[in-house]
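In this document, chain identifiers A, B, C and D correspond to the written order of the chains, with residue numbering beginning at 1 in each.
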Amino acid sequence: MALRGLLRLGELRIRVLDMAQARKHYVDRMGLHEVMEDADGLVYLKAWDEHDHHSIVLRETDRAGLDYFAFKVYDDATLTALAPKIEAFGLAVKEVPAGVYPKSGRRLEFVLPSGHIMQLYAEKEVIGNTMGYHNPGVTPDEGVVRGFRINRLDHVLLGGLNIDECARLFTEVFDFDMSEKIVDAETKSSMAVFLTGSTKPHDVAFVMQPEGGRFHHVSFFLESANDVIKAADLIGKYRIPVDVSVNRHGVTRGMTIYFFDPSGNRNEVFAEGYVHYPDVPTIVWDTDDIGHAGFSQDNVMRPSFYEVLT
Amino acid sequence: MALRGLLRLGELRIRVLDMAQARKHYVDRMGLHEVMEDADGLVYLKAWDEHDHHSIVLRETDRAGLDYFAFKVYDDATLTALAPKIEAFGLAVKEVPAGVYPKSGRRLEFVLPSGHIMQLYAEKEVIGNTMGYHNPGVTPDEGVVRGFRINRLDHVLLGGLNIDECARLFTEVFDFDMSEKIVDAETKSSMAVFLTGSTKPHDVAFVMQPEGGRFHHVSFFLESANDVIKAADLIGKYRIPVDVSVNRHGVTRGMTIYFFDPSGNRNEVFAEGYVHYPDVPTIVWDTDDIGHAGFSQDNVMRPSFYEVLT
Amino acid sequence: MALRGLLRLGELRIRVLDMAQARKHYVDRMGLHEVMEDADGLVYLKAWDEHDHHSIVLRETDRAGLDYFAFKVYDDATLTALAPKIEAFGLAVKEVPAGVYPKSGRRLEFVLPSGHIMQLYAEKEVIGNTMGYHNPGVTPDEGVVRGFRINRLDHVLLGGLNIDECARLFTEVFDFDMSEKIVDAETKSSMAVFLTGSTKPHDVAFVMQPEGGRFHHVSFFLESANDVIKAADLIGKYRIPVDVSVNRHGVTRGMTIYFFDPSGNRNEVFAEGYVHYPDVPTIVWDTDDIGHAGFSQDNVMRPSFYEVLT
Amino acid sequence: MALRGLLRLGELRIRVLDMAQARKHYVDRMGLHEVMEDADGLVYLKAWDEHDHHSIVLRETDRAGLDYFAFKVYDDATLTALAPKIEAFGLAVKEVPAGVYPKSGRRLEFVLPSGHIMQLYAEKEVIGNTMGYHNPGVTPDEGVVRGFRINRLDHVLLGGLNIDECARLFTEVFDFDMSEKIVDAETKSSMAVFLTGSTKPHDVAFVMQPEGGRFHHVSFFLESANDVIKAADLIGKYRIPVDVSVNRHGVTRGMTIYFFDPSGNRNEVFAEGYVHYPDVPTIVWDTDDIGHAGFSQDNVMRPSFYEVLT
């Protein structure tokens, strides 16, 4: 009990069009730490306050988007227990042996009804956050927290079909809660679903799209709204393309900036948001208040939200 | 399985010497909302962003301190499952029927090895946070968030004996993690243990005391360090006795103020702190760095930390 | 010496189309304090941390915009000394006797080359900020700081012709500094000039407009960027029309939100910005970097900046 | 008019016992920029957002304290005009030719009634804040704002005798305002006087001491209370001796930390505080509320405030 099963979004592999530019964006400007480049040229990154070896993998290719996303689970027994449940839900589960993904134990891989490749793993090398576990202090050495002052990978928003089915997988098989939902005011059909397995407002979300497997954004957690403002200053300084500058989401109450990496993949920095517990009812927004649901400080839903994905 | 079992610290009953003064402190100044006074004169309070009917109960009597603390669990089946496990751990479990505690379902009650009365319950009337669950917006009406701008009850620190046994109950029976521990540098014996069943740095903690059942402090969660500063301004304005003004704990990395209610019970307002996951090693502090462990912005452990409890 | 001559923007009279709506906006929502309604129905407002009787006057009529703006000067002798200098600059100065403007001493009134009516006065009734001048404390009683938590009137931006002439008046006659200037990259002609007589980045600014006497915005000073975010939450909650949500100006480095009162007059809340001293060179922006000059967090100059004035 | 005469505290020469340790403190940890070491081993520092060549000079010797403090004035004519006025006040004025103090024009030097050496100068080499004056942007390159994120030298507090006479010099000769004053509740005698020639709550202050020429603290301005908290984290990390950790002064309303350099000189980082104008009455605190006047978040005046000076 306590927090078990799927713990958190632990890894995303993002396709980029130019690794040099991607490095400049994610490492030099955003301030993620590069921990490894593998023999195939994949680049492995982590945020400073993550303990595992990496959380973001960049792969250079000719089409932007998301290769896969992966949740870390509590232990190997969880993997063993989940595999048949996922199969019973109707998804084919492939097991990937330990070591195929560097620094990582075995993985379960399956394709969501939304067309996205999802993985689960229980083991990844722990390298810590530079402060150690004995009298660690509260602040790492200068230079460790840098750029956008990103603490950790937070969540991912995916675009595709069958998002209710995705929600059913997460709630029925993974015991997640649907924290929030956006529905069409007339038809009541789901336009977006927000799912959490923790006390965060969401760990993963899905938005309806006419085609599957689309990548809406990856979100990074900052310590405070103040850090969101400082990140906005750097985004402006570096002339990074901005989708929506500093605002607060109605959904999640999180402070946000949406911006794009050089390949057109949308990034978010995120702070605040409420504390979720599983005994709280799902919040439902409808399209009558879609502006506030999306961006509650100016109440304008941007068309790019639905139209610009990779 | 996501967050299951014990969800959170859901209720504390605090003994106060004078209800009028306590009301002025907790309601008028701190800004908790009074939701009920029962026939026995007990006063029920909640923080604005809590959804359940109440989280703090005040009882007037002639000795300050803590009557009991209670965790909310995921569902009634959890109670049923936990009762024999707690008994097997060696604690006598008393069942309190629904309704004995107002607005509440049945409770399990037992005495911890530290001498504290602990309860578990699965049901409490939900009254919401004033914003509803349909197009709720992000900000309640003015006047709802007031005083110290307290979002919710966060954690409790208890003083007593046998704190390792308490930790064993929480980790083995309740599946909590020990996020941090303070040990004597020479003897390695535990001086304080910090336990979490969520992604918070702690939900409950125990500090060694020569006698059992002591109440160290109740802590309330604020949205930001900025709100901690604003709370400090009000604490100063109202001449509320301060134990330790604005500082950051080494343990938990939380921003804090320690102050006292008019009965001498210690309160804390708290913000920030890291995100905990169960796959992170326990952080161990020892007495060689006790100042930084306690108050990392000036590295001075206050004697009152060990000596002033109710 | 020290700060003398024109001290600060002390009063603006704003035309509103509907006083009930204007009151709801400026008093109920923004949180300005209504101090008086006069026999003609003019409504007088102040921000909590201003000491003079009022700083904003609302007048109901059928066209939005600005009746006049007024600077407070150091003393009556300053008025006497300035009158002939303003005349020598080429502007006709009208003296308005004490009492014509309520709570106010005599005023000098003249029309700027930009078509705006400007006044100077040395005396206005002091009513304080509720905290007194003897052991005042640092925080007023709850309810005094409310709504958008506005500390004070900060500056005004005016649209019109002959803005270089306006700048010349302020720098040569009033000893202001031109802190910043936006020029056309090719022609080098002035598009906007920012003028300060204090350590603020600006007390008044002018932007080129094809016709004179236009009102671009009135700006209110908040204590922190955090308060700007909280104001944005309320602006969103009340569905106040937003021109540009949370952003930072390149010019002045101030955090900003532009929004509209119910009559279409633009308001701003403002925080941070650098400390200006008269020995620092004028900062010049040109149209090659106009996006960053305007809104440095997303580098997009909004057409409304030039086109929407009252 | 506008801001003229004495503009700001522009330079302090601080005596340190060990230059290597002082460098580590002021440059490596606090994050001031070292701009020069002269032939005599004096080290020249500036804060990132200052435009002049330096504001702090460190001199190694065997006794800590303050050699002198210097205000920058508007122009050379101001120096010429002030010299006879200072003499008329009763102080002997020595003129120091240009170049004696590196990068600096001629200076007037005199000894205050409190025993401190004060200087005035109108010229110092301008080197800017790294961003230039043409399309400068709002954020310097990473690494420029570092350590405690100090924007600029703010004020100095001096201990000595005859503080009313010092106040008279500043108000009568330099046209400063006495923004605040602390008096003995019974005798009404002045215990501390706070003086400003700008819109800051103070540029210089004097506290009664039994002997003259004492140095209480030098204060550096940070952009926000949030930065004060971050500075406190670093102060704790580096185990810098703390006098008073994060608190708010009643006097000035500024957020503060008092700490010591390795030679025992007190430093302060400071943020917020009200906006002062010369038409606001002097705020008077008396010893009945001295705790709140000093440290308004816990209402405890520290004996070190009166007893620890260099």
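Assume a contact is a pair of C-beta atoms (placed from the backbone, for glycine too) under 8 Å apart; a residue touches a chain by one contact, two chains touch by 3 or more.
These figures come from a predicted structure and were not determined experimentally.
Steps from subunit B to subunit D, minimised over paths through touching chains, total 1.
Distance from the centre of subunit A peaks at D, each centre being the average of the chain's Cα atoms.
Measuring from the averaged C-alpha position of subunit A to that of subunit C gives a distance of 43 Å. Averaging C-alpha coordinates per chain places the centre of subunit B 47 Å away from that of subunit C. Taking the mean of the C-alpha atoms as each chain's centre, subunit A and subunit B sit 31 Å apart. Multi-chain contact residues of subunit C (touching two or more other chains): 137-138, 224-226, 233, 236-237, 248, 292, 296.
Residues 225-226, 229, 232-233, 235-237, 239, 242, 245-248, 255, 257, 292, 295-300 of subunit B are the ones that touch subunit D when the two sit in their complex. Interface residues of subunit D, counted against subunit C in their complex, comprise 1-8, 49, 51-52, 72, 74, 78, 126, 133-138, 151-152, 174-177, 196-200, 221, 223-226, 248-250, 253, 272, 274-275, 277-286, 288-289, 292-293, 296.
Subunit D meets subunit A in the complex at residues 137-139, 142, 146-147, 224, 226, 233-234, 236-237.
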